[in-house]
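Next come two complexes built around chain A: one with chain B, the other with chain C.
Our next item is the complex of A and B:
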């Protein structure tokens, strides 16, 4: 791409070459950037390409060939893995988990940022440190706990926290809160103190200061976090696989496994399934790109 | 994000998010809608099972790993058959085959379904021994049509039955009849015959034995059959149970023989899946392939009749060629089913010839375990496979089903792959297997 234009310009620029001593470095830079971009895009494009070809064709001609175009993989994948149902399951888990995470994390962040008491730093440290904990290490204790905690039958047919959406929502909320608290508290600390003084003079309660002063101001941070969290929780695969037992309740990421056969795996079909599963994250990303990128740098500088 | 600069800007920001900003509004509205959906959806989704766990209930649940479209369909038909004969409704919980298998420990210690699909052999005995499976001995007293080999494969270490076999498939050497006719090949009876045949195939421009071990498990079949032919069934089972030493001359001979056959195998096997190896057979590039009956999945419908097989030839005439790998799939009962009576009734039905008949009618790729079933619907290949297993003196279950799962996956897969990569250092490899075996089997 950019390398092509560069080499194209090269002959015309020869008289000016002395004025641009950085030229070779720029060529190298663009070459590097081009290679990295291709390196990142290649697996995705390859998956899309593979998903559009029939297994029979690639089996006999190999994957380094062109032809055998078909859209059947998508139809078959949607049908055999029952994606419709599983997308709904993902929705049941992701939406409440994100809303709950943001609400709880903003509460904690508000307290940490706006009130000074002895345990402020310790509390923030606790939440941030929890980020570093490998989730897998907690698998067995969590599994045992979940199989011991009863739920009423109207909440889950398993009558346990194990194998229920509630359990998965809780797990995701617990693991995502740390990061959100960290980001939100940094953001809230940067809000001007005068706002709160004015609010107090007007007689606003703590709740009002939180809900009507802080929250609206935090909208950019919340939007960025919501984008990230939706992607992360939606992509979460591990907990759904170990804490669920009923195949019909798996979220879409775990149900992707349905496309693997007992002995035989049709890679073209799996590619089609993966592309389908990736679409929601892509949609979210393109809709909310701005927030997404901002979300990555939110904790980096105050404000 | 910029700070509000004017009062108006600041006030504008106090407007609740749900009313401000078009883009964000639609997003939040969507989220709120989904939330509302969730409120009703979750409750509906979760509350649909009024699970009356009383003894008189007419419901039984089955955990099934039959996630491939065809077997899934057959399972549903068999369960329907049970419903019409008994009036008890079956709730099938299908989890994809691999996840089900990897999660079995969690699954059984959590809250398993009343009846679940599982495998015969060590894998069954392991969980039965841990008290995670229900005793099905009184179901067996009502079953008929099973050979002793199948009953033995369903029996735990304490002598009770914990398993009801449903289907099985043999491992054998597959070939295309048309290719063999074209070159005039004969089925080899001994290892020497096999070697001669392989050399001839090489001359004819064929790869004698297709081979792929990217996934780690297919080559276990080669080890199994060589060990069964060279050292016999009992030694094989004892070796798998950790009772025999891997460093013994007997095991060394197995690997030596295999090393002698490796030049006849398709090279670079570690980069090839069994599907790709099977395709080389299907495309007539290879002469034969040692695999399970499922190799037929890689053949088109019109090529199925061209597929034939023979059991792996004899190596030692005192041992013969009568033992083979034929993994048996079937059903087990949870340790504390919600309704034991219903679960047992279901097991009894699953072991009956009625259930077997439904399977035969609907799935041409499996063999049913119940010998009294009507097998007139079998294809020629199925008939031959059933005869082969029927005439077998002993049936092994396949390496990863005959030994501890952790030993099979963490020790044997890398060891066999190492051997295929570098077949020279056999004794070093065997010492390493033996050391790892000791630490795993004593733990």
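Our next item is the complex of A and C:
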């Protein structure tokens, strides 16, 4: 940014330079932000509240009431929708997909950042753009392709890429790679190039430069991306809905649809199910909030 | 600013500094051993094959298939080329098409006119030094970690006809998710709820990256806070403004999960993405026809993706 002229004249950042806050304006501001914040939390709080009340009580007293506290909705929802199984499915998909995405993306990012070739920009564009395409635009050929590619029976009982964890993991990796390549290559370009010169003097191979020099320095970016990717792949709904068939194999986010069919008339159960599904992401949100925000703002693309 | 993150937000973890231009990296390539060259090739080739094979080739195949009459059953050899007939059918004899385009545009308009500016506005407010700012921020972007599918269920508790909060409070009998006159608005509120937090987050990070001395200089010149924002801060944030614009467009084009969990994108909730999906996994699989719909999405998204790439790559080179 060409702000050099302005910067020179601006007063140094002393507390005195700050405007004194106008009291009434501040009060209005806090009132406004407070109202918005509570309004924003409300749907989630409402779901938690509803999930903790029995259907019989709310059916007779209405939802705008208090009482009928119970924990049974969670037990029933867990049992009926077989959340245990679906959470495991999500785990089988999310963990390998995130690890593979970070590994492959960091490889490409390393090459882009380490060597300057004419093709680098094209390569970066190819990866980044892939992440932004609407998934539905690829659905038809991909769906056909997955139903044609055989897998050995020990890999998937469907014996096809379709309706297998492998297929789902691959699609997620292919889609998420672009975002991670973009973020990581920018991060790696900012590393001082002298590091590699020193490593080369020591006779380190390209692989060792990647694995032992670059990767350890990228830990903050990798942590942020891992947080973000876990959330996204866990939340992924579309591919699992269209590329899986066996209900038992659905990850938890897409198995939500079954929940509705079964519990259509019992919103208390629906809310308990929703809270259960939200818990992993909420835990990530509260424990790793910093990583999450950093990951998003590092890349700033993505939906 | 530029270089590392598009939005240089978190100063807590600055990237190791110093990016002077990299001189003569290419020349050193010749010094690489054979093993190194093999390793480099693999490092690029494996991910590249995956992305080309699972993203770009299917995208190209979609465009090709949109010009054929393939029903998905016969062998590829029997495919006949029909030119633009599928597009003609989509536009002229497919009733859900027009509502879908309208809904996608409405989605875009709602996010662009209401949710995005509101998110930016909140970011500007939260950028001040403010007590409790952390709490406000956390509350606002909490919905961002939830999947849109889940959000559909969370809002069902409010919209449901018999058990929903909204009808309980208003005393009405509206089926907010079911009634084709209102359900798109109901869904948009839920989508906007998430979008506001997302934009707030992106924009706040951008604002933190703005050189504070700019604002101080403007204040010294006697510029009011509002005019400082519009005349100084907003123009400086041009790259982030473009990113926010692109994110908004892409989000409204990709909108899918929310309407799919509500009613699979029918009855007032038609969206292009849902129509494509219905044509593939639904009862009637009309490949050429669905591909024409998908190609339309693809073309629109590519326009904005290109805009996005130009923006971020230019930032990158500076």
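Everything below uses one rule, namely that the second predicted complex is superposed on the first by the 273 of 303 C-alpha atoms of A that agree within 3 Å, B and C clash if a C-alpha of one lies under 4 Å from a C-alpha of the other, contacts with A are read in each partner's own complex, and residues count from 1 in each chain.
Heads up, the rule we're going with is that contacts are C-beta pairs under 8 Å (C-beta built on N, C-alpha and C of every residue); 3 or more make two chains touch, one makes a residue touch a chain.
This structure is a prediction, so every number in the text was calculated from the model and none was measured.
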{"item": "Touched partner set for A:74, first chain B, second chain C, both or neither", "value": "neither"}
{"item": "Chain B versus chain C as contact partner of A:30, first or second or both or neither", "value": "second"}
{"item": "First, second, both or neither for A:179, with chain B first and chain C second", "value": "neither"}
{"item": "Partner chain in contact with A:43 - chain B first, chain C second, else both or neither", "value": "second"}
{"item": "Which superposed partner A:64 touches (first chain B, second chain C, both, neither)", "value": "second"}
{"item": "First (chain B), second (chain C), both or neither touched by A:91", "value": "first"}
{"item": "First, second, both or neither for A:239, with chain B first and chain C second", "value": "neither"}
{"item": "First, second, both or neither for A:158, with chain B first and chain C second", "value": "first"}
{"item": "First, second, both or neither for A:248, with chain B first and chain C second", "value": "first"}
{"item": "Contact breadth on chain A, by residue count: chain C or chain B", "value": "C"}
{"item": "Contact residues common to both interfaces of chain A (with chain B and with chain C)", "value": "143, 192, 217, 220, 241-242, 254, 257, 260, 265, 294, 303"}
{"item": "Contacting residues of chain A [partner chain B, same complex]", "value": "59-60, 80, 88, 91-92, 95-96, 98-99, 143, 147, 153-160, 162-165, 192, 212-213, 215-217, 219-221, 223, 241-242, 245-250, 254-255, 257-258, 260-265, 287-288, 294, 303"}
{"item": "Footprint of chain A on chain B - complex, ascending", "value": "1, 3-4, 13-17, 23-24, 27, 31, 34-35, 37-38, 41-43, 45-51, 63, 65, 67-69, 71, 93-99, 103, 106-107, 109-112, 274-275, 279, 283, 292, 294, 297-298"}
{"item": "Interfacial residue positions of chain A with respect to chain C in the complex", "value": "1, 3, 6-7, 9-11, 13, 17-19, 29-30, 32-34, 36-38, 40-41, 43-44, 46-47, 50, 58, 62-64, 104-105, 107-108, 110-111, 114-117, 121, 123-130, 132-145, 170-171, 173-175, 177-178, 181-183, 186-187, 189-193, 200, 205-207, 210, 217, 220, 231, 234-238, 241-242, 253-254, 256-257, 259-260, 265, 267, 270-271, 273-274, 277-278, 281-282, 284-285, 289-290, 292-294, 296-303"}
